[in-house]
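Handing you a structure now.
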């Protein structure tokens, strides 16, 4: 009955807000106008689904390079929506699940969402949820098919659902023919310019202005590249490693240069 | 016994009519004479199967690009038939089913249909029912074989069955050798000309004539294409997104241009 | 015991005769001398197996394009034999069977046949029984191997068995190395000439002589082909569709022309 | 205990002699000196294994084209050996067995043989026992590995075993790396010359000398080949078919010519 | 409860220290400055994870040729950390585990680690844990996916985890797309120069200075190579073999030369 | 407890000695100095593992062509070691085992060995144990991985283990990446020269000196080859076959020539 249903929904919601906030432990640094655009685009879809006369199902894919901040941005959009039901679906919650268990877990999450008048499901790291590996290639087709069908399954009358998914394998999703199952998609960029990188270093409060200057010069020297192209998550982690080193600025430029180089060869 | 059998049939029927009408929530907009031809062709097959002296089994495949309106058209033909038994078979009803469960579900639906003197089964999205994915390629051969056999299995004496199937992967169905198992096929087109697109915009009641004009011009400008080639479902959804934007006409032309571009590169 | 055994055999027989006659609901139209040759060849093998001193096992494969009448002709030969045990084995009787169930069903049918002094087994549509699909290619090897072994397994002393199999995938059966397991094979042709097509139209009683003439001319015009090459089953079904149309002759020529064209491109 | 063991062995033996004799229902026609050589070679290996001081395990592979008489010749060698235990292992005894059941059945047969001081196991049609199919290719690796190991497994002290296997896929057995597991091999030829064919026709007692002459001339005419190259089993079966025809000689030459032609194209 | 939890953690810890020390039974010979660098790098990451305000999860991959000392170095870093929970996860602990058992075992180890405020997990020989074999290639995708997810799964609030993994198949890990899941990586070299080799021989205490000299000269002579390129583990084992030989120096140079040659051809 | 453990070990040992001696029923004929070298190399490794201060695990692979005597030589080395625990692991002991049973059996053997202070495990015919077949190729990866891990798993403190494995597929083991898991390897040759062959014939006591001379001349004549290249096992078996023939020398040269020819074409 209805009260029972409410019971089921509430804890699910409570738990997930905590989980979503964990994704944001590095905050959102507005190092580029793209970040604001992404959040605005997210807000627009949140409003569309909220409208009682619109199609009650909408799905958006956030895609970008590894560590670029996709999960944090999806979490931010979800939390800011203030919808009554928000749920993070992440591969980390399915460790040790076999294909059938994954399929059932996914169905269960959607069934729960259908009980709330308005819901957001954040489906994180789709290529990991479907056990993608490029050798073979192999993946769980039954999980993939389940997701594809859930992406087009209309919620029951009077229920509305927004799906925010993330991936760093857009081309894989295209090959798997699931990319077109999304109603819209939002690209998430790396930290690309030295100005953006400086902005992040500043916000971290770990470097003196001179250290920032010296560090960036070293990166430029080592990489001989005008493009940084490193994800915000790696940069924040590199700052932490650098803090352990006596020569913090050099350690940081070393870590970042290596990341830049890896990008160039991959 | 007979009364029991009737019991089983009735609810099945009731439920499905609701389901089929859900497929039509955007109505049928007669934006092109093709739409009328498709519905007329459907009516002809409905009449053929109704004849007591004709072959009691006939199958038709509606095929066309994604979002072109295949499901809605099949639902419309089925509802207008006024046959006593109509059943929608959709991948969404089989979420979490394994191969065997799918095979049994399909058999059950046909067994139910055989109990009614005249039946229509709408088998939606065959490539999804058989878990098709282009990488591999992989699909459920046991589900595929079951469908192939059910497409040629004569109903019991005195029972008549029309099967309406949909797909947006005609060439896949040809490769799988199931295409020829259908007795006839009907192609479903995209919204292709700017006139057709204007017609749809008008019917939506969301745009002023000036907005329509401006929007179409922008699409033409951005895409440099004389062909629209976007499915009716995407267009109707794009209108909904546009409604959230302050500059509705530009947002609409943006969404449509992107859809046109994707068509050109896929 | 013996009486029990008889009990098992009788109903099996009764049921199958009805099933076989269902395959003949369009009758046998003698539209070409080939049809008579096929039936004569069948009679010869029926007589050979009947002889008490001959090898007690013989197998024949009827192969030809889809819808060419293979099943009907095999059924006709079987019914005319007046053997005490006749059984149709068709993929339609095995919907939802897994590999093991199919293997057991096939074994059971042969065990039943071995109980009768003389038997015919009609094994319809072998490629469907083995779940053949050209992508992969995939098929049930355990079902295939079972059939191959049953085709060479001598019946018990004093029992005689004729196997009539059908396929529209002769080359597939050759690749699967089962083609050579048959002792003989009979090709079944399409309706190939306009004279043959006219003969079928006439026999259907649906067309006036003028309609026939006009229809054939239209087909010639549209297809620009001197060869018809369409299966008798499709032609009979096309006549039924045509009957629903106000302009029956044109609808018929349309349906047939499309069938001719498909043949040319496949 | 010992008496129990004897019990198990005896019926196994009784049954198999009947089975082996069934393989010889067409007798052995000495249509060529090769036939005598094959039987002599078989006798030699029978004697070698009989010697108490020789290696207690020996395996021979009879290989040749389909229908060339391999099974009959292996049966003849086994029956003439007068060993106390002879067992025919044939795919026909394993219809409906899964891989594990086959492996167990094979092990059981060898266990039974190890109980007798001297044994012959006739393993008929190895490629069928391992479920070989050229598409894929596919086969049962667990059955194959079991056979390979059983071919080299020494019998218990004081027990001696001769294995006679047959195949018409020598090259397959080479690819599967099992060919070298045999200690020796004997090729079995087709009926190759017209003289050999005449000899077989004569022995059948079905033809007058004139019929033989006419029939052979017709085959020569039709095939334009100086080589017959047809298996003895097909020839004997062709004689039976011919007997049903009014014009026996022509029907026979027709059947044989077709067999010759098939050989040339395969 | 807490005391129970402590109970679970303690024995796990005790056992693992013994296991880790077993990996170090050949000690750490400082034959090159690289060895010191590797240990220093390890210490830095140990300190980073120890910091309460840093990201609570960090993973490092030690990669290098077979026998180069990867496991010993990872063990050394772990033991020197003096973290309260250290656990070695090695393929040798999972002999006979099926995929599911491996996945559960791995999850269990991480669950145990999450109970301690600070933990190190040494995951030895990843390619063996995932059952990698180059033919196919084949590997356990479910184990691989589990590891990939566990490498990014945040520990519960207040718990900190450092993962040290080893592999001698870096390129395989790159192909499997798991290489980038590590936050950092450390290459481990072979014993490469003759000076390094002499250092190891000396430390073993098995050779006189003359023997060392003669042995190295022989290796140079035989291999004609200025590069040794042999793993420390193979060298230590070669010394043991040499000790059994009357002419210890020659036996040693023989063993080493063969190892050098194998490197050159692989 | 300890006495129980002893109980388990003893019978295992008793049984295996008998099994190992069975592998030596043809004795060891010292037809070439290579044979003595192989046995000496084996003795060296036996002594190395016996030393209490050496690494307690060592593995050696004997590889060579089929029938070259690998199993007999490994058995000889094991028996001569006089270690308290010796166990032969052979595919023949695992007939009918599935993958899991094989893995468990192998683990059990190693567990048993770990109970004895010093042990030798003879792992015969590795490619057969892993169910290798070149078509596919297919093999049991779980068995392979188990062996790879057992080859590097350190025995418990105070226990010492020597592993002697055999294969005639060295290159396969290299492709499977297991070849490098062995600490050392010993090649086993064929009987290669006519002198070696004469030596074997002489030792058999079956031929007069003239027969030997004549036989060898015939082989030279037929094969036109200065190289024999046939395994000792085939030669000894050929002598047995020859004994059944009236003309023993010619039969022997026939058998050997055929073996030589097969070598040349394989």
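Order of writing sets the labels: A, B, C, D, E and F. Residues in every chain begin at 1.
The rule is simple: a residue touches a chain if its C-beta (ideal position, glycine included) is under 8 Å from a C-beta of that chain, and two chains touch if they have at least 3 such contacts.
Just so it is clear, the structure is predicted and the values come from calculations on it, not from any experiment.
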Could you give the fewest steps needed to travel from subunit B to subunit D through chains in contact? 2
Partner chains that subunit A and subunit F have in common: E
On the document's contact criterion, could you list the chains that touch subunit C and likewise touch subunit D? none
Between subunit C and subunit F, what distance separates the C-alpha centroids? Give it in angstrom. 58
Please compute the C-alpha centroid of subunit B, do the same for subunit C, then give the distance between them in whole Å. 33
Residues of subunit E engaged with two or more neighbouring chains: none
Taking the touch definition from the header, please name the shape of the chain graph: line, ring, star, complete or other. ring
Name the ring's chains in order, please, starting from subunit A and stepping to subunit B first. A, B, C, D, F, E
Spell out the residues on subunit D that touch subunit F in their complex, using ranges where they run on. 44-45, 47-48, 51, 54-55, 58, 100, 103-104, 107, 137, 139, 141-142, 144-146, 148-150, 152-154, 175-177, 180, 183-184
Note: in the complex, subunit F contacts subunit D through residues 22, 66, 91-92, 94-96, 98, 128, 131, 133-136, 138, 236-237, 240-241, 243-245
